[in-house]
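The two complexes that follow have subunit A in common; it is paired with subunit B in the first and with subunit C in the second.
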Partner chain A sequence: MISRVSTSTDRPWRALLPVAVVLGVMAFGLTSSGYVVTVIGFAAIYGIFCTGLNFFMGYTGQASFGQNAFAALGGYGTAILCGNHYWDPLAAFLVSMVFAGLVAYLVGLPTLKLRGHYLAMATFALGLITYEISIEWNGLTQGYMGISGIPPLGVWKFELANEKQMLVALTLLMLLGVWISVRLRDSRFGRALRAIAGSEPAARALGIDVARYKLAAFVIAALYASAAGSLFAHFVGFISPEVFGAAMVIQSFTMLFLGGIGTTWGPIVGAIMVLMLPEFLRGLKELQDVVYSMALIALLIFAPKGLAGLGSLFARRPKAPVPTPSGAPARAIAK
Partner chain B sequence: MPDAVQFIQSLVNGVGVGLIYGLVGIGFCVIYNASGIVNFAQGVFVMLGGMACEVLLRKFHLPLPIAFLIAVPFVALVGLLMEVLVVRPMWNRGSPLFAIILATLATQIMIERITILTVDEQPHTFQEFTLGGPLKIGAIAIPYQLFWIVGCGALMVGLLWLFFTRTRAGRALRACSQNREAAALLGIPVGAMLLLSFALSAALGAVAGILVTPMQAIAFNSGTPFGVSGFIAAIIGGFGNAAGALAGGILLGVLQAVAIVLLGAGFKNVAALTALLFVLFLFPSGLFAGLKPKAH
Partner chain C sequence: MTGTPLIELVDLAAAYGQVQALKPTSLTVAEGEFVTVLGPNGAGKSTMLRAAMRLTPASGRVRFRGRDITRLSTHGRAREGIILVQEGRGLFGQMSVRENLILGAYTIAAGESVEARLEEVFRLFPRLKERFGQTASSLSGGEQQMLAIGRALMAKPKLLMLDEPSLGLAPRVAAEILDTLGTLNRDGLGILLVEQKAPQALRLAKRVYVLSLGGIVAELAASEVGSHHDLSRFYLH
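Coming up: the complex of A and B.
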């Protein structure tokens, strides 16, 4: 996957095409009504979330099954500060992000020392703990009832009055998020992350402080998740524990794997496609989560590179992964 | 401050639930030993067992033993299907560890949603195996179901022990857990062993689910707490060690019971999950490390 990452200089059209597609989708959203706008807005929010997740899983080759915890922190931070305490949305957004980042740092210190199953289970537990707390801490989160009446996004006196203005803001924020991720990926920092994904001992031998870089990637992923959570709260005006439950983990992983893990635009493309899916499967609303899970399993089995792998069908033939009889348990994702 | 009676009562309940965790934990170990995979959907077998049994009792009015004998093989079959349709293809392709974990997690969500569609979202329960009770010892009440749990738990552990030490298939499974390549070279069908381990582990989960349903109502999403608790039990016991998992389960059950008394019922899962993190951070190879270290 690393070899496929092309920097923006060698093929300019490749770098600009996704931007054009995203702007096209947004334009489509602006000309259509109600529900489509909502779906595209969600796609932008999930796109931000998955871009963060991609940092930790795609570039750094680690696994976190509990990023929903940080989305919940962002969402509840915004809901409580704006809804109950009438803070300025931007201030609440930033304070929630800082808080989520701080929590990620403190939690990441011991957690990221774990590997394999233990890392997976520990991060999964983080998500579950946050979920349980958001249900049980009634005084703060209003439990299952959730928090409603969260004001829309805005800065000082300017408030985004309708969904379409919100959509423009979300798309711009998402593009900003992607731009930051590209800048980071192509920096010294990003190269260090990819070295860790390739081989931890090798990275260490090159003088990379593996633990610190992993932690940094984890915190960045948490910042993105928190931002996505806050935006969700503003966009919908209501949050409840279910929003940030285990289904969110599966949904975001479906997006990441569909679009192509470890690629810049994969998370965005995946988010758009996964959220559009119910539109084409009207009447199957009930089956939505079943379809997501089955799609994810099928992707993991047959096309672990997702749509990004399609490109390589037309380009130079990539080296096929050599199957090992002893099975995988020992290798990290996104080699 | 809770009085002594309340405290002892919660310990009694804790041991009962803890045995269930232990059984689920053993289920984790069986699959892990055979394949090196941790099946994150382990808890869903508990839910399915309880749910299937409840539906058979309520809709088809079957007697409990018959419902039990249908529900357990049914869940074992689900375990088999999961191995054939999800884990085996990934295994053959040499998928990365995290992808396999994710696939088992997705399977769990899928089974939960299918349960909602085919049964419903409500919690279900059925009456205790033996009516009457609870047994009163002074001020402490012991529900009859607890004796069933202890009895069946002991029976299961005994049968498992016989299986692993006395039968060819059980020994082959143990050989696989020690060294898969060597086992294959000795002519042990490693693939079939993997299949067997999933069926066995699913059946174990189903029995645990049927035992616990009269004490705690089971809903479509009850699997995750049991799965996570079972995983914690397995870790406390040093992953892959069945006896350790059972002991770990009881320890965890008691800890949760104490947490319920001190913090209220709502935070019992938070307490268990926090315990998980502490065990992971401080004792990554289990509290009884040294017996069979297998951390990684």
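Coming up: the complex of A and C.
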């Protein structure tokens, strides 16, 4: 009989708890004013964006400071195709994703040969280049003016009529994004990515084509980012270069680390916390930013694995191994 | 030795910057042969294995079953059936024993039973079965070494290369692991073992290479080591 540790599958309530929390937040949004709906809608969009980023940074252990470029491709793709050419939103959404995936593939081929800080800088440059293009290519993007009049999300003749319907759609799409991410993570492909995160030489020595898998993870993250960009365009009805600027990168990193990088629900928890906490602190007026910053620092100090990692504090721990003559349990191992 | 060697390293050489870690070195392992490479710390043993696996840039040639695989990538060599158990074991500490083992089966063709491979590994290392759900980092040193070898076996290797598997282990555990290697070799698995000092490894091996200061200084039958005064003094006692 093979001994097993308990998993979330053994205790379904643990797997369903985050879903219940997400649905609870959505329900709160549906009973609230338009402004709260907007904030929670942004959290869902960022949740999708960060789930993709988590795939590349959390599961694969790589650094990308340029995912905003792919969100911009999705956002502008949707805005141009739907706003200027009256495409069906679903078709524009999918075509933008394919285009972003193709760009990620072409950019990733040379870029992903870099590692660590160099990869981070190269991807950051990608974000800056996209930002500049979105400003300078006036004929296509309308520069700083941005593109307005983007229709709401819809399929064929059915259109989501108001923000609350959009919120329901965004939440369901976010849960779909998480589900896909979990399925990928637990697959042979996902295990290979986690092996790469553990040790690239060790992964290579096991027969894993590291370069190909890193590229695949980069493309997947770009698809998520593009989807988030498209949804933002539909949700707000307007986009401009600032939406996809460096602030997006910083904010998504905060969400990822605060929520718990490399965890399933961390990106979602982080997105909700980072976007909703300032709203709860609004009553503090001029002290709002100070208290918000202090709260973020405190969370990072006391929950270094992120908010999603706090659950492990209450998890049943496996029995300690029986000491053997070879000594105490050793740690860390992948070279 | 007759027939085509399993692996053939021809003038394999590697350097770290200006330091020549491995001078042009040639070595062969026949099908089903157990070969041990002995040498002191810093002799270039690990570099030789890493170069053979293309984990370190190297000059020279590598042939596997008569085919030149010099330009083949590391993962390509693993798919050919060359598996290296690295010094430090190269385990994924945050993954469970089960996940580490399943990753070992990464190269075996779809449809082949991973479960059957797992059972085979558990037959050799029953302790891994008891630790199935634990993270690799929570295992003792000996168990980690068993896991590293077990994971390598999941790939159904044709050649198993091991870099000092007894390092840091209690003599009894090291002996247990080397006994298992002997069993695997008797079942037909080619083994290239690198050790600093291992009387038991010499008992298992058919041939021995001695590496010193980055180059091979002796090649002899394992049974002859005892009759060489210097070798016997360094490596048997």
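Assume the second predicted complex is superposed on the first by the 279 of 335 C-alpha atoms of A that agree within 3 Å, B and C clash if a C-alpha of one lies under 4 Å from a C-alpha of the other, contacts with A are read in each partner's own complex, and residues count from 1 in each chain.
The criterion applied here is as follows: a residue touches a chain if its C-beta (ideal position, glycine included) is under 8 Å from a C-beta of that chain, and two chains touch if they have at least 3 such contacts.
On a predicted model such as this, the values are computed, not experimentally measured, just so you know.
K.L.:
Is A:297 touching anything from subunit B or subunit C once the two structures are fitted on A? First, second, both or neither.
P.N.:
first
K.L.:
For A:80, using the defined touch cut-off, is the partner it touches subunit B, subunit C, both, or neither? Pick first, second, both or neither.
P.N.:
A:80 contacts neither subunit B nor subunit C.
K.L.:
Just checking: does A:239 make contact with subunit B only, subunit C only, both, or neither of them? Give me first, second, both or neither.
P.N.:
Neither partner.
K.L.:
As a test of reading the superposition: which chain, subunit B or subunit C, is in touch with more residues of subunit A?
P.N.:
Larger number of subunit A residues touched: B.
K.L.:
With the two structures laid over each other on chain A, which partner does A:192 touch: subunit B (first), subunit C (second), both, or neither?
P.N.:
Once the two structures are laid over each other on A, A:192 reaches subunit C alone.
K.L.:
Applying the touch criterion given at the start, work out whether A:208 contacts subunit B, subunit C, both or neither, answering first, second, both or neither.
P.N.:
second
K.L.:
Looking at the overlay, what does A:133 touch: subunit B (first), subunit C (second), both, or neither?
P.N.:
Only subunit B is touched by A:133; subunit C is not.
K.L.:
Return first, second, both or neither, reflecting whether A:217 touches subunit B, subunit C, both chains, or no partner chain.
P.N.:
Touch partners of A:217: none, neither subunit B nor subunit C.
K.L.:
Show which residues of subunit A both subunit B and subunit C reach, each in its own complex.
P.N.:
321, 323-335
K.L.:
Applying the document's contact rule, which stretches of subunit C touch subunit A when the two form their complex?
P.N.:
Result: residues 53, 55, 73-75, 78-79, 83-84, 86-96, 99, 102-104, 106-107, 129-134, 136-144, 151, 155, 168-170, 172-173 of subunit C touch subunit A.
K.L.:
Using the touch definition up top, name the residues of subunit A that touch subunit C in the complex.
P.N.:
Per the stated touch rule, the residues are 2-5, 188, 191-192, 194-195, 198-199, 201-202, 204-210, 318, 320-321, 323-335.
K.L.:
For the complex, which residues does subunit B have touching subunit A?
P.N.:
35-38, 40, 86, 89-103, 105-107, 109-110, 113-114, 117, 180-181, 224, 228, 231, 235, 239, 266-267, 269-270, 273-274, 276-277, 280-281, 284, 295-296
K.L.:
Would you tell me which residues of subunit A are touching subunit B in their complex?
P.N.:
Subunit A reaches subunit B through residues 57, 63, 65, 110-111, 113-118, 120-122, 124-125, 128-129, 132-133, 135-136, 246-247, 249-250, 253, 286-287, 289-290, 292-294, 296-297, 300-301, 304, 321-335.
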